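You will see chain A twice below: alongside chain B first, and alongside chain C after that.
And now, the complex of A and B:
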């Protein structure tokens, strides 16, 4: 009964000055709109970059020989690929691909260029999990029958004067550190928009590389594993470790294999959250200001209440309940304000190509100029909890001030 | 009119003093907002300056000169045959010019190998254009006796340590096989993804011996003094006129993506400012409006004794302006020393970001330096005054159109 009374009184207290409350609510709603779009657009962009980066070679989770991630070379051979693939299938991942990858020098017609070889199985590789196949601009992907096919980047093709059908020589060091080379004919040319890839990555048939490097059928550089939700990379890695055992191979997530992307995301996220936090502090300052004013205006009321036997604890309770109402109404107002732009940004998005262009890369990954949002449920919960804590915290001081009102002084106040 | 304005200002000052508690809250809020705005602007400015510095002072120089087709094809045989002509032309604009040579080879160290771009430089001239020689993670700069410097990711890939002997294998200009051992003398800090992942730097003399290339250079990098955007464009245009048959490009043309990213980050800074100020505007609107409601009777009296609505309107605006200026001044006074400190004491993000990352191929450090410029302070400050006055318009209008009779009834 008593708490119902306080709840009702608090509701009336909130709406005693409608204009003021509406302005306060609008600041809460504004903060919510900002938090949702900032967090949502960042998470969408990060996910996009992580997924794209995964298709540039190593997947979300990768299994390699020990020490491969730190210094990749053809001397670090992963054995038992079949068993690893079976384990990945058992976990129900979206896809897993066996690949050979390392550094090489490429030459054509007296010109040369350095870069990275990725050996793939043309029978299994699909555009979905391989950005280079997805971005072919000339020619096509080599077929399983074309054992000497090769896919090169646009910039390297220009520098080595390559076109589909032309010859490319590649030189690399095999598992024993011996120099070996091979010849291939260009099947296709890709353009990712990332200079490092367009001037560096070369795709070769894995069977041919195995031959040249002296790898057995079950050997490769890595098994790249793709999952539907990048946030599950850690758990998937842990389960792989428990199935395959640790110690003889390296099982890593994109955090370690694409450390520069992880670093970029960590820094960007820090800046983003800092910004949101600062804006929320301003919102909190506004709430504290209005609560304090409203308490000061109602000193007489609190004095009367105390004189009628309502203790300081209950007055404190009353003001905090008012704050709770403000948080709740702010949440509703914020949801109403946020829903239309959120739905628009989720379904349509904002094309920023005119501002950042279509060839802006960060951490070696192309940044999609389409601004979209995707709010993960756990982030939404966090934002709401944060909002309530913030509003309640900013009401603490005014509530204490109200509770400390001395009846006699207050009732004289006019 | 002047006398009347002075009267309003005096009245405003009195009012502020009379309600010092409310005034303090508002000054505090404005100070806080402008502190955030200025500090954030200084951090962004620092990040941009650092990125531009990594690109220009560590790698490209301000302007580069190549043989016409070199940039497109990176053809080993497309060379600037008379580098002295470029040096003389650059000197007329007070710029130094450093020659560079580029070739590809395979680098091997133990079991590890990598394709690398070998870069030959003239150490004394390079120092006049870039600060690469001071950007070492460990070890020392290249010498004339087969001592080379590696990009940091390349060093990691190869497992190279200072003192290791690196085998380079390539094709020399005369078609013969070039191979030789070089000693790793130094490892660079992150610069650009190209240098970090695959560059071996050696002296031009070693390069010429290794690749059997007695004359000519692939690139002339010009720098040595600071060029702003305008002089960059005008000098590179004039140089192009003086160097017919060669390709002259500014770093903005060489790295258009980076230039655009830097520009658009400046744009996003402005959006950020607006967002901070929108939050501040709501706060000011509420505070001033509450102030007006509390003083309805007071304004009624003023109107009753003959003050015109415009005077009441101005009174509220002037009060807001004074409080905003006080808050702004306080915010600036707190922010500027912190920014100056941040120019030498960066925010250390290494705990968050173990590795260096890149934007448009240029390394960004996990250390955030601030940078103090006139715009960093003036733009947020000016914008703040505008926003505060706009936010006060509605409350001021409300106060101006109070009907004296009703206001006097109100208590």
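And now, the complex of A and C:
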């Protein structure tokens, strides 16, 4: 039989009951809308959190001394930072920053607070890759000339009664295990909204820290690497390993340096997929029911077709072609339905600050209250293909039932 | 009856069993049909007319005896082979027309030709021919819902005729139409039989059909009661 004949017959069969078909197409379309929205908003939120987390210290990919990630210490020194930076440039990453980081005790006005010190190069650090600089609320970032400058968090500043211009004393254990200390003058105060950071993170000039800790120029705690697409962390890490070797250093992705965040994202994503799966199960059940009804109504017709010589295989083909039309039309309807809200959420977003506030954090990372979407191309393809296959799978049982029609029995039906 | 035997039933029986009850819908019936026959099977309700037609049409299998279509014993054929035999050698005209509602008259007429995989041009030409034969040359674009009962039955006849089958089986073809339409349909089928030599076998209790048939096979309680040729 001419394929065009089957295709044409199937197309008309789909629109035999217009209302029912429109309802079926609506369910497919809404399913697509929900999938795209859930997946897109999740991907945007995850990417946002990962990128923010990267700018809180260790980048998307970190090169550190062996064992540093497990237990950070000034005694674990990363050497050859210049070579690592060159390798990063070779890979075309967005940015790479040399940093020193470790635990310290901070004191002022008779009060003390412990936390983490991060040594940064003020000539190279920018707000884009450093959330603490981005979130300055008082004063400013120290300049390269201000070798005794310091940036502190708002909560620590309140506890130690610090303000721009006030002194801060810090004490650390150097690479040899000796206690050393230094004095800095507050140049600025930041507020990230994450209490742990605002109470426990201090930025100092890396040159000053090298001096105090006894590091050489080419030494630091880590090189933090920033990439455009956090999903490429693994391949970037692998390429760095191939360039640098993995001798006396660790090259880790954010999955390892931000394990809590990675776990949170994995769990949330699993929950998201489970919810979508349940939605799609309902849609599939609806489609199967609709098609089964359509087949039952046409039992007599299928009996006649078989009497005229149409084989069961062709009847199966006919019903599956109807399902194909439903899938295609449903996906087109879904695309038309999804495009406007998707574009709005992608470009403008929904401000949920009134619901979750502006300082909601998870796994130590501030969550952006602006709900936006960002659907990666491969996810869009997966959703479309999955829905397509699901609709076809929903039609399998009705198609088999139609193919198994016994002509004589079927022709007795009205 | 011509010498070429199109259909032969040899002591054919069809038995329905419901629990311990046994109903012999067809009981040891034997007869033959030649090319060009215009025959009616008649009898009261439940006499087995439709069952005989279903057996000849390869829609059902006999429990006893054998059915031969153009000399071929159909009892040994598989379901797929029977479907192909129906497609290629047997035409059906049903009481309720049984047109496919989503197809136009022309597409309905083309249905079996499409099943046979004939070329597009051949299908188009043949459909135009048969629609003209049945007097519906200008109505090929209409769907069944836009046709009268008589017109729908003509489309059904065109569909049965298009693949040039060995035999056309018509089960109560005039039951759902008025007298004038019934006469028109019978005129058409008679003309096809006369001009083309198409073999027709009717299952009917319509006196008009019985009067037109050149041979009457009468059944009662599943058995052959009489087999007469009109003088």
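Methods note: the second predicted complex is superposed on the first by the 413 of 414 C-alpha atoms of A that agree within 3 Å, B and C clash if a C-alpha of one lies under 4 Å from a C-alpha of the other, contacts with A are read in each partner's own complex, and residues count from 1 in each chain.
Everything below uses one rule, namely that a contact is a pair of C-beta atoms (placed from the backbone, for glycine too) under 8 Å apart; a residue touches a chain by one contact, two chains touch by 3 or more.
As the structure is a prediction and not an experimental result, all values here were calculated from the model.
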Query raised in the report: For A:121, is the partner it touches chain B (first), chain C (second), both, or none of the two (neither)?
Result: neither
Query raised in the report: Touching A:146 in the superposition: chain B (first), chain C (second), both, neither?
Result: neither
Query raised in the report: Of the two partner chains, chain B (first) and chain C (second), which one does A:304 touch, if any: first, second, both, or neither?
Result: second
Report task. Considering only touches as defined above, state whether A:407 meets chain B (first), chain C (second), both or neither. Result -> second
Requested in this report: For A:5, select first, second, both or neither according to whether it touches chain B, chain C, the two together, or no partner.
Outcome: second
Report summary line: In this superposition, the partner of chain A with more touched residues, chain B or chain C, is B
Requested in this report: Considering only the touch criterion stated at the top, classify A:218 as touching first (chain B), second (chain C), both, or neither.
Outcome: neither
**Report entry** Contacting residues of chain B [partner chain A, same complex]
**Finding:** 22, 25-26, 28-29, 32-33, 36, 40, 72-76, 104-106, 108, 110-117, 156-159, 169-171, 175, 193-194, 197-198, 257, 260-261, 264, 267, 272, 275-276, 278-280, 282-283, 285-287, 289-290, 293-294, 349, 352-361, 364, 366
Query raised in the report: Which residues, counting only chain C, touch chain A once they are in their complex?
Result: 54, 57, 59-60, 80, 83-88, 92, 94, 98, 100-103, 107, 111-112, 114-115, 117, 120, 159
**Report entry** Touching residues (chain side chain A, partner chain B) in the complex
**Finding:** 17, 19-20, 23-24, 26-27, 30-31, 34, 70-75, 102-107, 110-115, 158-159, 161, 171-173, 177, 179, 195-196, 200, 259-264, 266-267, 270, 275, 278-279, 281-283, 285-286, 289-290, 292-293, 297, 355-357, 359-364
Query raised in the report: Inside the complex, what are the residues of chain A that reach chain C?
Result: 1-2, 5, 9, 12-13, 16, 300-301, 304-311, 314, 407-408, 411
